[in-house]
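Letters are used for the chains, namely A, B, C and D, taken in the order the chains are written, and counting of residues starts over at 1 for each.
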Amino acid sequence: MSGTLNLLIGLAMGLNLLALGSSRLPSLIRAMSVQGMVLGLMPVLMEYDSLNWQVLAVTLATMVGKGVLIPNLLRRAMRAANIEREIQPFIGFIPSLLLGAGGTIAAMALARHLPLLPEHSGMLLVPGAIASVLTGFILLIGRAKAISQVCGYLILENGIYLFGLLLIHSTPLLVESGILLDITVGVFVIGIIVDRIQRAFDSLDTRKLTTLRE
Amino acid sequence: MIVIDLILRLAFWLLLAPLLPGIINKVKAWVAGRRGPPVLQLYYDLAKLWRRGVVLSNLASPAFIAGPAIGWMALTLAAMLMPLGPAGSALSFRGDVLLLIYLLALARFCTAWAAMETGSAFEGMGAAREVSYAVLAEAAIIAAVLSLSVQTGSVSLATMLSPSAGAGAVLLAAGLFVVLLAENCRVPFDDPNTHLELTMIHEAMVLDHSGPPLAAILHGASIKLLLFSALLVQAVFPMGDLEPLAAAGTLAAGVLLVTLAVGLVESLLARLAFRHVPLLLTTAFLLCLFALLVAWKGGAQ
Amino acid sequence: MTPGQLLLIAFGSLAISIAIGFRMSRTWLILTLIGTISGLGAALRVLLLGENWAWENGFREHAFRLGGESLHLRLDGLSALFLVLVSVVGGAGAIYSREYWSDHHYPSSAPRGRAWWSVLLLSMGLLLMISNGLHFLIAWEIFAISGYFLIMLDNQRAAVRSAGWLYLAASHAGTMCLFAFFAALAANTGSWELGPMRDHPELAPLFWLALFGFGMKAGFFPLHIWLPSAHANAPSHVSAIMSGVAIKMGLYGIVRFSGWLPVPAAAGWVVITLGAISALLGITFAFAQNDFKRLLAYCSVENMGIIMIGVGGALLAVSHGDAPWGQLAIAGALLHVWNHGAFKSLLFFGAGSVLHATGTKDMSRLGGLWRAMPWTAGLFTLGALAVSGLPPLNGFISEWLVYLGLFDAVTSKASFAWVAMPAVIMLAMAGALAAASFAKAGAMIFLGAPRTKPAARAHECGIGMRGPMVALACVCAAIGLMPVLFWPAVSRAVGSWYPAWSALEMPVPLFTLGKVHVLLAIVLSFVAWGLWRKARANGLRRGMTWDCGYAAPTARMQYTSASFAGIVSGWFRWALQPERQTRKPHGYFPSTAMRLERIPETVLERIIGPISVLVMKVSTGVRSLQHGRLQFYILYIVVGLVALGIFVVLGGAP
Amino acid sequence: MNPLVLIFVPLAGALLAALWPSDRTRPWLLPVVSLVHTVLVCWLFIHPPPVTPGMWLGFDPLARAVLPVVSILFLVCAAYAVPYLKIRSERPNRVFVALLLAILGLLSAGHQARHLGLLWIATEAVTLAAVPLLHFNSTPRAFEATWKYLLVGGTGIALSLLGSFCLGYASLHGGGVGDLTFTALTAQGAGLSRPWVLTAWVLLLVGYGTKMGLAPMHTWKPDSYGEAPGIVGAILAGAVTTVAFTAILRVRSVIGAAGEGVVADRTLLVIGLFSMLVAALFLLGTRDFKRMLAYSSVEHMGILSIGAALGGAGVAAALFHVWGNALTKGALFLSAGNIRRAAGSPSMDNVRGMSIITPRSAAIFVTGMFAVTACPPFGPFFSELQILRAALTPGHSHKIAAAVFLGCLLLAFFGLTRIVFGIVDGRPRTAVRENGKRFVETTAVIAPPLILLALSLWLGLFTPQILREAWQDVVAQLFPAS
C-alpha cells in the first residue's frame, strides 16, 4: 500500500514545486487546495485495514477544510483586492523553484539520518513533510502578496500534517482534530485580517506594511 | 631653662637672619668692583619700615596685613624646628620635618593670599608663579627629606641631619642648592633687585605692601634664606661626630659658604627665561630623587 | 541609653521625618536633628566606650525576614566612625537646607528634597550596620537612588538632568559589580551573612570586584567620571553630603571588606597606586577649573586619593606581616575621612551661600565678596586652609599621620615598600597643588574687586546657613588643635578593621603636635593682631591699588582663574588636554581680543565617550534589523532554527 | 475540587459576555469572573488536589507555582479594564471582553496541560484568541502589527507542533505506545530515540521561544505591544509568555529524562544570553516607550531561560522571576497606558514632563522602571540575584555568562532610564498641555498599577514560605537530578 502513498506524496511534492513556480495567484491557491485534498486522503490509505468512523470524519473534515473552505476564502479575498498575480516577489520564481528542488533533495538526504520504524521505513512521509515545510518557508519569505504568504503558511501546515501522519496510528485522534480545528480557525482569522488589511491599506502588498519599525 | 633656650634661639634667628642678604649684596658688589651697600643695610631698612605708616588698597581686607604677619611667624616657628648643629632644635619629635615643610607652605599660602588682596594684575601674576613653582620645589624638598630619612632611618630632623653624609651627598647638595635659590627667589629664578615687575615672582607679590607688613615680609624672607642654608649645610656636611664647637664652626662656615655661593651665582648668572624655570626645578627634583635612590640602594646592600 | 535604644530613636525619627518632610519643614528639621544626634550618640558610645553593638532579630524562624534573610545589624568601631560623619554632616545639612533650599524659593522641590534627605540619611545609616549581603545591596541601592533624586531636585535644568543621569548610570555600573561580588560571596560561603572570613583564601579575588564596585562610588581617579558634574550641579547642601559623606560609603565598602575578606597580594600596591594617581591628577584638575563647585568636587577626588594611599599602605603592611607602619597609615586615612567630611561640607556650604548670593558658579565672574559676606569669606578661608593640609588645622593632622606611615615604610627599607616613595612625592605635590587651588579659589571669589554686577550686589547669608558652617569650622579647628581627643575613636576603628591592631597605642608625637598647633594658633593670631595694631598706630592710609602706578585699573584687569592656573595646566597638558580658543589682537588700534580655555572631562570625553559612541553604533546597526519587513522576520526564525540545530548537533559545545 | 473549573468558569464567562446585551455593563463581567477564578486558584493553591500520572490536565506543581500570579495579574488588569473601556466607549467591546475571558480560560488550560498535544492546542488557541485584542484600536498600524503577530506567531506555533510530533515519534520509535502525557514521556526516559529527541528539542524551543519572544524570534513583540492597549500588553507580557515558558520547562524535563539535559541547558543558556544582548542593544536606541517595554520583556524572557538553563536553584529563581516580572511588567504597562493616553504619543521625541501632567502615573512608571531593572527591594531584584548566585556556584560556575548577564542588565538600565526620565522630567510640551480632552488620573486607573507594584514589593521583601516551597516542588518534580 505504501506504493500508493508514496505516489501521493510525490504528487504533493510536485504540487510544492508548482506552487513555487506559479506567478498567478489562482494557480497557487489551486495547487495548495489540491495538495490539501491529497493529504486529506492519506489517513484512509494508511488506516485502510482498521478503518473506523473517526478516521473517516478526519479525512472528510481535512478534505473539506483544506480543499474547499480555505481556498474559497482566499479566492474571495483575492477578488476583493482584485489582484491576479504576484508581481516582483522578494525571491524570483526560478530561484524559488531551484531552492525548492534543492530543498527536496536536501530533505531526502536529511531524512536518511532520522531513524524510522519498520512500518514507516518504506514511505516518503518524512522527506515529503520536510520538503513541504521548506516550500512553505520559501513562500512565506519570498512572496510579497499577503495571499501568497497565507498559501505558504498553509503548505507549511500541510507538511506538518504529513509528518503527523506518522503518529496517526498511535496517538489518539484528538490531537489531529485539534490541529485541524486550529488550522481552520487560524485561517478564518487570517482571512479576516487579510480582509481588514485590504480595507485599511486597500492593497494586499506587504511592502506597504512597514510603518512599524525602529 | 627651656624659656631661656627659646629666647636665645628666637634672638639668634631674628637678629642674625637679615645679615645674609647683606653679605650676598656685598659679594655681588665686590664681584662687580663696587663698594655696594653696607652689610647691615637690611637692618636699616627694616627699622625704617617698622616706623613707617601703611597704605592700604581700597580693595584690601584686614587679611592684607594678617597675611604677612602669619607668613613671618610661620617661618620663624619653622626655624625653631631647624636644629642648629650641636644646639639641636627647640623642639624635636618624629615627623617634625613634615611640620616644617607645611609651615613653609602655610607661609607661602598667606603671602599669596595677601598678594591677591589688592586685585592688582601684577601681584596676581606673582602669586600664580609662586604657588605653581612651589609644586616642583615641594617635590624636590620631599625627595631630599626622604633620602635623608632613608639614610638615617629616622623621620625627625635632629637625627636626620646629625650623622655623617651619605653616598648621595653631592647630588643632594646640588639639588637642595637649586631649591634654595628657587624658594628664596634668587637669581636665576628671580631677581630681588630689578623692578621690571613682569619678570618677578616674589617681588611682584609684595608690590603693594608698605610699612611694618613689608618689614615682616622682608625679614621673613631672610629667615627663610637662613633656614634653607642651615638645612643644606647640615644635610650635606658630616658634623654629627664633631666636637660641639667644631660643629658650630662648621655650620657657621657652611652657611657663609652657601651665602657666598648665592652671591656669586647672582653676580655671574643672568635670570632664566620663565619657560626654563620649570626645567631647572625639575632638574633639582631629579637630583634629589637620584640622591634618594642612591640612599635606598645603599641601604639595600 | 544603650546604643540600641539610641539607634532605635534615630531610625524611628528619621523614618517619620520622611513622611513629615512633605508637609511641615520645622517638624521635619526637629525630627532629623533628633535622629542625627541620637545616631551620633550611639556612634560615640561605640567609639569611646568600645561597646560594640549587634542585633539579630530574635523572632521566630520565617517570622520577620526581608527577602528570606533575617535581619542582622552590627555597629562596630569602623561603622561607628562613618556613622559619626553621616550624623554630623546630615544634621548640619538639614539645618542649612532649610534656608538654602527653602519652600519660599523652591515650592515644588523643597518638600521632595526634605523627604529624600531623610531617606538618604536613613539608608546610609543602615548601610553602615547591615551585615547581610542581600540587605546591604538593598540599602546600597536605596542610598544611591535617593542621592540621584536629591541631585535632580532642580530637574528643569538640562545640565542637572544630564549630570544626574551620568551619576545614576555610573552608580548602577558599580552596583552591577556589587551584585556579582555579593552573589559570588554567597555562592562561595553558602549564605548571605557577612562577617569576618579571612580564613577563606579562595575569596581573595573577589576584592577586585569590590574595589571596582565600591570605587565607582568612592570616585577615585579613573572612576570619578560622574563626580564633578554631579557635585557641581546638585544643590549645595546635597553636594556637601554627596562629597563629604556619600562617596565615603564607597570607601567604607572597600575598607570594610578588605578587613573582613582576605585580599590578594597585589591589593596594597594597586590601591596605593590608584590613590596616588587620583591625589595628584584630581587636584590638578581641580586647580584648572573655573567653576568653583567643580573645583571642590575634583578636590574630593584628591582627598579620596589621600585616603586610599593610607588604606593601601595598611593593606601592604598587613599582607607583609603586619608591619607596624600600616597602623599609622590606616589611622591617618580614617581620620582623614572625618576631616575631609568636615572641611569639604564646610566649603560646599560656603560655595552654596556664594551661589545663593550671586547666582553664578564661575569664579571669573566673582571677586571682592569678602566685603559683602565677611562670614562666608572667613569660614571659607578656614576651610581652604584645612583642605590644603596646612597647620594648625585638621587636614594637616591626618595627612601627617599618612606621611609618617609612608616614611616609616620607606625607612624600613622593606623591598615591597618602594611604592611608598613615589606615593610620598606625589602626595607632597598634591599638597602644594591643593594650597595653590584654594589660594586661587578663595582669592578669585572673595578678594580683589567684583568682576560683575551680581558679584557687586552680593549679600551675606542668614544665620540658618551660617550656623552649620560655624559648627563645621569648629570641628576642623578642634581636630586640628586637640588631635589627642580623637585618637581613641580612630584606634577603635582601626582595631575593628584589623583585630591584630586593636589597642593601638597613640604615637607620642601626636600629643606634641597638638601642643605645637595650639601654640601656633595663639602666636599667629597674636602676631597678626599685633601687626594690625602697629600698622594702625603708624597711621593707616586707604588708597587705590598702586599697581605700578597705573592710574585707572578696572576689575577686568585682575588676574582670572584660568590665567592663575595657566602655568600648571600647561605642565599637565597631557592629562588636562585643555581646549583653547584665542583671538589675538592685531592692527595699530587692536580691536577686541579674547582667550577662552575649557578643561574637558578628559576621562569621560576622551575615553568613555568614544566607547559609548561605538556601542551606540552597534545598537543602531542591530536596530536596523527591525525594519518592519515580515518576510525577513520569518527568515530570522529559520536562521535561528538552523543555528540552534547546528549548535545542538555539535553537542552544544561552545 | 476539580481543576477543570479553572478552565470552564472563564469560558462560560466568555460565552456570557458574548451574549451580554449592553456594552456599558459588559466590562464588569471581567473583574467578577476573574475574581472567581482567583479565588478558586488560591483555594487550589492551598489545597492542591492529587495529580494522577495519567491525567491530561491537572493542577500539578508547575501549574501551582505559576497559575496564581497569572490569575492575580489578570484580576488586576480586569479591574483596570472597566475604567479603560469606559474611556474607550466609542469602541464596541463585546469581542474584547469575551476573548479576554476566553484567554483566561485557555491560559489555565495551558498551564495545567500535562499532555504534549493538549498543551500545544491551548497555546495556539491563546495565540489566536489574542488576535482581535491586538487590533482593538483598529488603526492601520494596529492591523499591520496584528498581521505580523499572526504570521510570526503562527510560524512559531507550526514549528512547535512539528516539534511535538517529533517528540511523539521519538517515544514511538523508542517503543512507546504513543502516550504523549509528560509523565509517560519522562518515564520512558532514556528509551526515547536520541536524534528525534534533539530534533524535537530544537523545534519546540524555537516554536515556544517564538511565543515567549526570545531573540531572534522576538520580532512580533515590539509591534504588537506597541499598538495594543496597555492592558493587552500587560496580559501578553505577564501571562501569555508564561505559558510558553512553562511549556519549555515541561519539555526540558522530558529532554533531561532522555539524558540530553546538558545540551538542552547549553542551548537555553545561549539563546537566553543572546536574547538579553539583543534586547539591551535595542533598548539603548529605541525612542518609543511602549516598544521599550516590549524589548524589556524580551530581556526578561532571556533571563528566564538563563535561569532554566542553570537547573536546580536556577529554575526556582526563574519561577520567582516569572512572578516578579509578571507583576512589575503589569504595573509598567498599565501606567504606560495612562501616560500614552495623556500624552497622545508613545515617542520620547514629543513626550516630556509627564511628572507634571500625570504625576501619579509618572511616579508609578519610574518606580516600576527601577523595579524591572532589578533595583532592590522589588521582586525582580531578588530573583535575578538568585539566578546570578546560581550562575556563580563554585561547582559549575558560568563566569562569562554571569559577566554577559550583568553587562546586558547594565545596558538595559541605561536604555530604560534614558527613555523613562526623558519622558518624565523636564517641561511639558505646551501642545500636550492644551490638548482638548484631558486625561484625568482617577483612582480607578491609578490603583491597579499601584497594587501590582505593591505586590511586587511585597513579593520581594516578604516572599511567603509556601511560595518558595511551591517553586521547590517544581524543581523536585521536573529536575529530580539537581
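Some points to look at:
Basically, contacts are C-beta pairs under 8 Å (C-beta built on N, C-alpha and C of every residue); 3 or more make two chains touch, one makes a residue touch a chain.
None of the values given here were measured: they were computed from a predicted structure.
Of all chain pairs, the one linked by the largest number of contacting C-beta pairs is B-C.
With centres defined as mean CA coordinates, chain D is found 77 Å away from chain B.
A separation of 36 Å divides the Cα centre of chain B from that of chain C.
Chain B has its Cα centroid 99 Å from the Cα centroid of chain A. Chain A and chain C have Cα centroids lying 69 Å from one another.
Multi-chain contact residues of chain C (touching two or more other chains) are listed as 623, 626, 628, 630, 634. Annotation for chain D: residues 147-148, 151, 155, 199, 222-223, 282, 285-286 touch two or more other chains. For chain B, the set of residues that touch two or more other chains is empty.
Annotation, chain-chain contacts: A-C, A-D, B-C, C-D (touch as defined at the top). Within the complex formed with chain C, the chain A residues making contact are 90, 137, 140-144, 149, 206, 209-214.
Across the complex, chain A meets chain D through its residues 113-117, 133, 140, 146, 149, 153, 156-157, 160, 163-164, 166-167, 169-171, 174-175, 178-179, 181-182, 185-186, 189-190, 193, 196-197, 200-201, 206, 209, 211-212, 214. Taken in their complex, chain B has these residues touching chain C: 50-63, 65-66, 68-70, 72-74, 77, 91, 93-96, 98-99, 101-103, 105-106, 108-109, 112-113, 116-122, 124-125, 127-129, 131-139, 141-143, 146, 149-150, 153-155, 197, 207-208, 211-213, 216, 278, 289, 292, 296, 299-300.
Chain contact summary for the complex, chain C toward chain D: residues 62, 65-68, 134, 137-138, 141-142, 145, 152, 155-156, 158, 161, 165, 168-169, 172-173, 176-177, 179-180, 182-184, 186-188, 615-616, 618-620, 622-623, 626, 628, 630, 633-634, 636-637, 639-641, 644-645, 647-649, 651-654. On the chain D side of its complex with chain C, the touching residues are 147-148, 151-152, 155-156, 159, 198-199, 201-203, 205-206, 209-210, 216-217, 219-220, 222-223, 262-263, 265-267, 270-271, 278, 281-282, 284-286, 370, 373-377, 381-382, 384-385, 388-394, 397, 402-403, 406-407, 409-411, 413-414, 417-418, 421, 425-427, 460-463, 465, 468.
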